[in-house]
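Got a structure for you, written out below as structure tokens; questions coming shortly.
Read from first to last, the chains carry the letters A, B and C; within each, the first residue is number 1.
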Amino acid sequence: MADAIRIQDLRKNFRLGFIPKTREILKGITFAVREGEIFGYLGPNGAGKTTTIKCLLGLIRPDAGTIEILGRSHLSPRSREPLGFLPENPYFYDYLTAREFLAFTADLFGLGRREKEDRIRRLLALVGLERAADLPLRKYSRGMLQRAGLAQALINDPKLVILDEPLGGMDPIGRKEIRDIIVRFKDEGKTVFFTSHILQDIEMICDRVAIIVGGRIVKEGALRDLVSERVLFTEATVAGLPPAAFAGLGESVSAQGDRVLLRIFDESKVDKVLDLVRGQKGRLLSLSPRTETLEDIFVETVTRT
Amino acid sequence: MAMAKTSFANRRRGTLLLIGLLVASAAGFSALKAATDRIARKKIPGSSIIYIPSGKFLKHATFGYRALAADAIYLWAIQYYSTPAIDDRFDHLDHIFAIINELDLRFQDPYEIGAMIAVQGALELRAERPEQAAKAMRDAFTILDRGAANNPDQWVYPFNAGHIALINLRDYALAEKYFEQCMKIPGAPEFVERLRANAIFKKGDLQTSWETWLDIYNRAPDERTKKIASNHLYRVKATIDRGALEKALAEYRQRSGRLPSDLAALVRTGLLREVPKDLDGKDYVYDPATGSVKTGISPWRR
Amino acid sequence: MKIRAIAGITFKEAKRDRVLYLLFFFAALGIVASRVLALLTVGDRIKIIKDVGLASISLFGVLMAILIGTGLVYKEIDKKTIFTLLAKPLHRAEFILGKFLGLVMTLFVMTLTMSIIFLAIVFAHTLRIEGALLVAVAYIFLELVLITAVAILFSSFSTPILSSLFALGFYLIGHLSWGLELILKKMAPGAGRTFVRALYTVLPDLENFNFKTEVVHGLAIPPAIYLSSFVYGLCYTVFILALAILIFRRRDFI
């Protein structure tokens, strides 16, 4: 399986301010994205996620390091031919309609006329903008713009799709839609590289992730490998028994009315709690083991760095 | 990694190509600038530059719109000089029209109109402010001289100047000079040489006047011109003759204390060799009572 | 072609700019007002009409080129539409050239329209279509093309206000080339003079495109200067665009 993206020792400094002070943003980034996988790129704000993407896309010239996109050096504009990109807050020419904008984008890829019309029609249907297709973009809501952005990212049927915070600011239904679309990309054989803050979503769909903190990759690998199946604690919601009854068995997190939310850290104590509840004629409302999540890894990694 | 290297090379090549283009185009336009400079445009000759706020400076401060600036100032000037309420409007007449002329050396109207306004001003001011009137008159000539200098192919300017000298100033020597200047310009009307001849006559140089008119008579291309020249010759001779006669009469009177009864008396007393006859061979009319000598017929009715 | 696509949307965008129509309105007003102004003159009326007409087309054309051109690239960067655009397989040169051609097309349409109004007014006065006037307008247009390139050059790295000032400065310097020529004539040969001579050669001479005076007075224009001025304009425009592309290529879009 070839690499869709290969980044080696990427470095970038910015000189900012009137009296130029050099700030190191990327301090030697190295990672790879394999073809056909969904790759999540995470990190706290200011870590360098967007800068990495901009280097990939040729918007920023790196000071050192190499980037290869589907085997081509990122320096050549041709490397962007199989690419589709959706930026974080899409800004498009607000005097164009969605249809005109897609036509313009198609022209930039040199698509033929028949193919162009065909794809525009299909994409507008895909993202659900058929009815608004001839309205100028400045009349679009944020969600509609996001969808238009997605359509323009797909106009060239890209092999590699790059999304910068695609799930930000969307409601749960919107997020589900986007997640489904990303998974569908994978089914079609596309590679997806995206950044996100919403770790639950990453956990749900990514194959591999990389965590960037302070301009360095601090963790990289398959999600399966990073997140162990270790149980951190078991949460139980019990009714009918006072919190004091559970002393020594677990930590009572909260008590409302006659309900107690209990956190049991010792696995061996779980059965004892169940016996207690049955013995005292209480009611067990829920019982769920909590495994290590990506969020836990993330927080731990960031605080450690 | 080899891919990366070739792409780097591509980018390098791109930069070199652009720099090459930069240098080539710079060389191109530099060379063309020199070539274009050498092409003599019918750009107005004699534009010396002195950095004083005059029309010369203004010409270059208008960034290529100097003709328009000339128009604007000229339009304003016309309105300005049509306003009689402004008493001292003739004070800076020449300065204003100098600016207009400098801005557009070949804009013909302002020269003529400027001179016309100046003469008008001179007439207006003559009664109350004779000094200003004199200056205004001088301005008229300054403007017309400038017009002639900047447009040596235009006969109108010396013509107008001669006309003003003749009619308004009665400076016949000056009129003669201008008419002579006018004559030399190709395209000048044929009557200008006659105006000159007449000016010489009015100046009082009868001998030259005679010779000039004779020349005109001899060269006359048609009957009409011949007649006119002939009439003038008649008048010149009449004036010469009259002068001689009146001089002789005065002498006679001095000697004998009275006027002679006829002109033959002057010959008898030896004051004249002979009694002159007019150009047609006719006698002059002498009135012994007053001592006046007149032509028998008006020169223009021959 | 990609340049054509970018030129197309640039033309669409420029067409919507209200400044364009405001300036066009004033230019048309100026041309029509020339008829009224002509009534005030004593003497040759048609000269005033021609002068005001050509001056209107020239002046407002330059303002259009500067005011719209200096915002073209800056707006893309400011509104971040440039991110999606440059993420496409596009050379940065193609972007600059596309913007340039789009604005040139816009100015061409504007100049053509103004010329038609102008010729109509002249025709109403003289009952003749004067081809010589079109020559003057054609070279005014060439000057506009060069100014457009300059506006885009500055727009690629500076804010609209500064860019406008620089572009205006370029225009003024271009019409003051005579000043350097004078200084040259009065300088003694030496290092200083060589420097001034170099400056004189490199700085633009926009008077090369100024045929207004000759055309209005009906003076003969030596034919060599048509070609010479045209190629000069071409070379200088290529120079400016090459510079713009070089600078734009090196830019990081943070």
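Keep in mind that, in the parts below, contacts are C-beta pairs under 8 Å (C-beta built on N, C-alpha and C of every residue); 3 or more make two chains touch, one makes a residue touch a chain.
Please read all numbers here as calculations on a predicted model, not as lab measurements.
Peer 1: Given which chains touch which, is the overall layout a line, a ring, a star, complete, or other?
Peer 2: complete
Peer 1: Which chain pair racks up the highest number of C-beta contacts?
Peer 2: Pair with the most C-beta pairs in contact: B-C.
Peer 1: Closest chain to the overall C-alpha centroid, by per-chain C-alpha centroid: which is it?
Peer 2: Answer for the innermost chain: C.
Peer 1: Report the chain whose CA-based centre is farthest from the CA-based centre of subunit B.
Peer 2: It is A.
Peer 1: Averaged over CA atoms, how far is the centre of subunit A from the centre of subunit B? Could you give it in whole Å?
Peer 2: 91
Peer 1: Using mean CA coordinates as chain centres, what's the gap between subunit A and subunit C in Å?
Peer 2: 49
Peer 1: Starting from the mean Cα coordinates of subunit B and subunit C, work out the distance between those two points in Å.
Peer 2: 43
Peer 1: Among the residues of subunit B, pick out those that touch two or more other chains and give their numbers.
Peer 2: none
Peer 1: Give the residues of subunit A that touch two or more other chains, as numbers and ranges in rising order.
Peer 2: In subunit A, the residues touching two or more other chains are 79.
Peer 1: Mind pulling the subunit C residues that touch 2 or more other chains?
Peer 2: 91
Peer 1: Quick one: in the complex, what on subunit C touches subunit B?
Peer 2: Touch list, subunit C to subunit B: 37, 40-44, 47-48, 51-52, 55, 58-59, 91, 93, 171-172, 175-176, 178-179, 181-182, 201-202, 205-208, 210, 212-214, 216-217, 219-222, 224-225, 228-229, 231-232, 234-236, 238-239, 242-243, 245-246, 249.
Peer 1: State the interface residues of subunit B toward subunit C in the complex, per the touch definition above.
Peer 2: 14-15, 18-19, 21-22, 25-26, 28-30, 32-37, 39-42, 49, 60, 63-68, 71, 74-75, 78-79, 104, 106-109, 112-113
Peer 1: Using the touch definition up top, name the residues of subunit A that touch subunit B in the complex.
Peer 2: 66, 68, 71-76, 79
Peer 1: Which subunit B residues qualify as touching subunit A in the complex?
Peer 2: Within the complex, subunit B touches subunit A at residues 1, 3-4, 6-8, 10-11.
Peer 1: Give the list of subunit A residues in touch with subunit C in this complex.
Peer 2: Answer in residue numbers: 14, 54, 57-61, 77-81, 83, 85, 87, 89-93, 95-96, 104-105, 107-110, 149, 152.
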